[in-house]
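What follows is a pair of complexes built around chain A, which joins chain B in one and chain C in the other.
And then the complex of A and B:
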């Protein structure tokens, strides 16, 4: 017996690695008709890890002080070796995380994977989407640029439309009447501690739910596409005769991650400025409002919706209702059919919703 | 009770925004300039008193927030005493006082002018600031100010043309560096040091505007062009560094795509 084999046996006897690998990797079977959309979750895990690593590296030089924040970011971009790369990876990565999360959510929607017994998977994923939006919003302020300052002013202002407690909420978020140094302190704490820890915990819960119920069978390429799980008792959705997670689907995950990396690095190296208007590189000036302040692309539909309604409250109420509907979708849509083409009402609503979302985004951009 | 307010309140926000926008476009107030009693009175006048308002509105002074009282004194907030000498009102300066009048702000330029042949002829038929720059429609200074039509009002254009030719290359270099710096700023490059150097060189260049000694202008322009060339090289290095980053980026992206292909092929072997 060679040395490597002996070490493996020694470890295996003590921790049961072989059984663990068999159960969770090589013996973990997935549906034979699994498709590339199932690797979105792995890409998201990879992005989250990248965000954590680049964020930690940025923390070495970033100073969360209103007088020093902008200069520290400029220093990172211009003086720190590969600082520009780390910062661009972090900033572009945050946009990509939202984009891939939306793709992940859409694939789950169209394949009916949110249906019983996966309500908790959907709900935890939906909360994760909101947390990712929150971490992006709080991170936006940290460079303390004109864009950061005024976009945060607009974003926090809209909370003021909530009846009765609105003005108090705005003051609580900002740490004062206006966006200022206390806001930076609050957003920094949320961005580097509170929200990442919550995201990590929820990612853990999301994966736990996935492990407990098993991977859903995609409705494509099958004759029978009905969801037979009634939710009356616990059942693990196994896939006898399916393909092993390792190495088969792990390689698909790696392929998807590599393709994502090519796209992501293409943006980082060739045109990261699609996510940075010129005001992103001008220090914050509370006395000079820039001519056109727009939120990030993923907040544009919300921004445009607020402008469409005669009162901000109505705009927020409509968005709140839409978000609540989406969060509770698995509890509302109890139909057993999973194939999108056999769900015409769902298909019409989903496509209509996507078109509306994109239209509002474009309108918000050009308005 | 105000009868009109409920109607206004019923106007949908996009329409309200459009109305406000139309109003602002129809009655623009130059950026930075305050709405003063001077402007209120003089805009409403029909005689010579109104003549200064429109040219000023289109001027570099208005653009930079320099209003009537900044030059002419007086109280811009009190209509009754706006033109009271007790409130510092100076009115229109005499011809020989014009350089001192403008030179309260443009100190260096005043000195340059007074030392030049133009300045030495002050009060003896020579030009004052307003002869070339105008009194109220003052534009951002460019070399176009030196032109045959303007200069030949007083003397042959030949010498002025030589001076202009010597300065044109400097102007082109400055404009090119400014454009490059603006691009870099929009990409997060720290341009502070280069900005400061360019600011100093631009000032030196502007001080040549009132020099009428052709030999001096030629020599100074050559020196300036040398300094601007150094700045240009600094910016060139940044451009080169960015080009290198893109080459590295191309390799990294290609490596990711190759990895994707290899993983895909490896996956195929598992089937």
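And then the complex of A and C:
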């Protein structure tokens, strides 16, 4: 018996590793019509792990002090061997995480996978989307550049539109009347500790819900595409005769991750500053607002919506209503049908929503 | 070609690819984490002779480590590594006794760096020192 086999047997007789592998990997069967969109979650897990690792590496040289932050980032970019690579991976990775999260959400929407009994999966995923937006926003301030400073000023200022407590909320978020050194301290703590821990916990919950409920059946390539959940008692959605997760679907996951890596490294090596306007390379100056300050691409629709409405409160309220609608979608859309082509109202709303989102993004960019 | 040798060949190719990818990740990572060679590791250190009066000691950084120069009561200059040879604490100069004491585990060294007592296994490392035109040059 070789050494690896002996170690495996040693572990197996103590914790039943073989039974666990049989139950969760080789014996974990997936629907036969499963498609590539089901690997978005694995890509997201990979990106999150990459963000954690590159973030920890950046912490070695980054100094969270308003007088030193920009210098420390410049030092990472210009002096530390491969510092530029670690930082670019982190910065590009954050944008990619939002992009893949949106794809993951769209696939769940179009395949009707948010429907009962998966309301908790949807809600935990929706909260995760918001947390990823939050971690991106807080990370944006840390380089302490003109872009960081003024984008954070505008973003935190929008909270002021909340009736009654708005002005206090803005001050609370910033740790003072204006964005300054106390804001950096708060955002740093949120970015490296509070939000990552919350994301990790929610990812755990999200996977736990998936594990308990079972993988949803995609509506494509089937005659019967209605949701057959009865709701009378707990039932695990099993897929007898399905595709084993390991090695079959694990290989699909790896392929998707490899394709993602090609795209990601393509951006990192060939167009690393695609997400960096010129103001990202100038240290923060609290007395000099740069012209045409714009948020990141995924906040552009929110930015443009705020500009469209005559009052800031109305702009915030409309966005709040849209987000609440999206969060509560599984409770609003109670229809049994899962196939998108058999749900004309859903399809019209979803396509309309996507077009509106992209249009606002482009409008925000050029406005 | 039979299936087994084809499988072995493909396995080797995959292994080679994975090893290449692993190397491409590890090399930048090790370079990123490796200690930096910055300007603090100078070959010589100079300072005015007036900074080290008779019986006094001056501590400074030399080649990235702590060093000390003392002027004995007979006027002789001695430069030594100030890092205790026991467990790496920095020794302290005791002007009255004209000897070094390591506060961590009471190791004692003479003004020339020789072990007088305690756990240090070997003397303090000596560093060349010269004085000319009111300037002390160490290294």
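Methods note: the second predicted complex is superposed on the first by the 360 of 367 C-alpha atoms of A that agree within 3 Å, B and C clash if a C-alpha of one lies under 4 Å from a C-alpha of the other, contacts with A are read in each partner's own complex, and residues count from 1 in each chain.
Going forward, a residue touches a chain if its C-beta (ideal position, glycine included) is under 8 Å from a C-beta of that chain, and two chains touch if they have at least 3 such contacts.
Remember, predicted model here, so these are calculated numbers, not experimental data.
In the superposed model, A:310 makes contact with chain B only, not with chain C.
By the touch criterion defined above, A:82 lies against chain C but remains apart from chain B after alignment on the C-alpha atoms of chain A. In the superposed model, A:341 makes contact with neither chain B nor chain C. Looking at the shared chain after the overlay, A:262 reaches chain B, while chain C stays out of its contact range.
Counting residues of chain A touched by each partner, chain B versus chain C, the larger count belongs to B.
Legend: residue contacts after superposition of the two complexes on their common chain; A:57 is shown touching chain C, with no touch to chain B. Legend: residue contacts after superposition of the two complexes on their common chain; A:193 is shown touching neither chain B nor chain C. In the superposition on the C-alpha atoms of chain A, the part of chain A touched by chain B in one complex and by chain C in the other spans residues 79. The residues of chain B lying in touch with chain A in their complex are 12-14, 185-190, 245-246, 248-250, 252-253, 256-257, 259-260, 263-264, 266-267, 270-271. Per the touch definition, chain C reaches chain A in the complex via residues 28-29, 31-34, 36.
The touching residues of chain A, counted against chain C in their complex, run 57, 60, 79-83, 85-86. Chain A makes touch with chain B in their complex at residues 74-75, 77-79, 84, 243, 247-248, 251-252, 254-255, 258-259, 261-262, 265-266, 268-270, 273, 276, 278, 280-282, 307-310.
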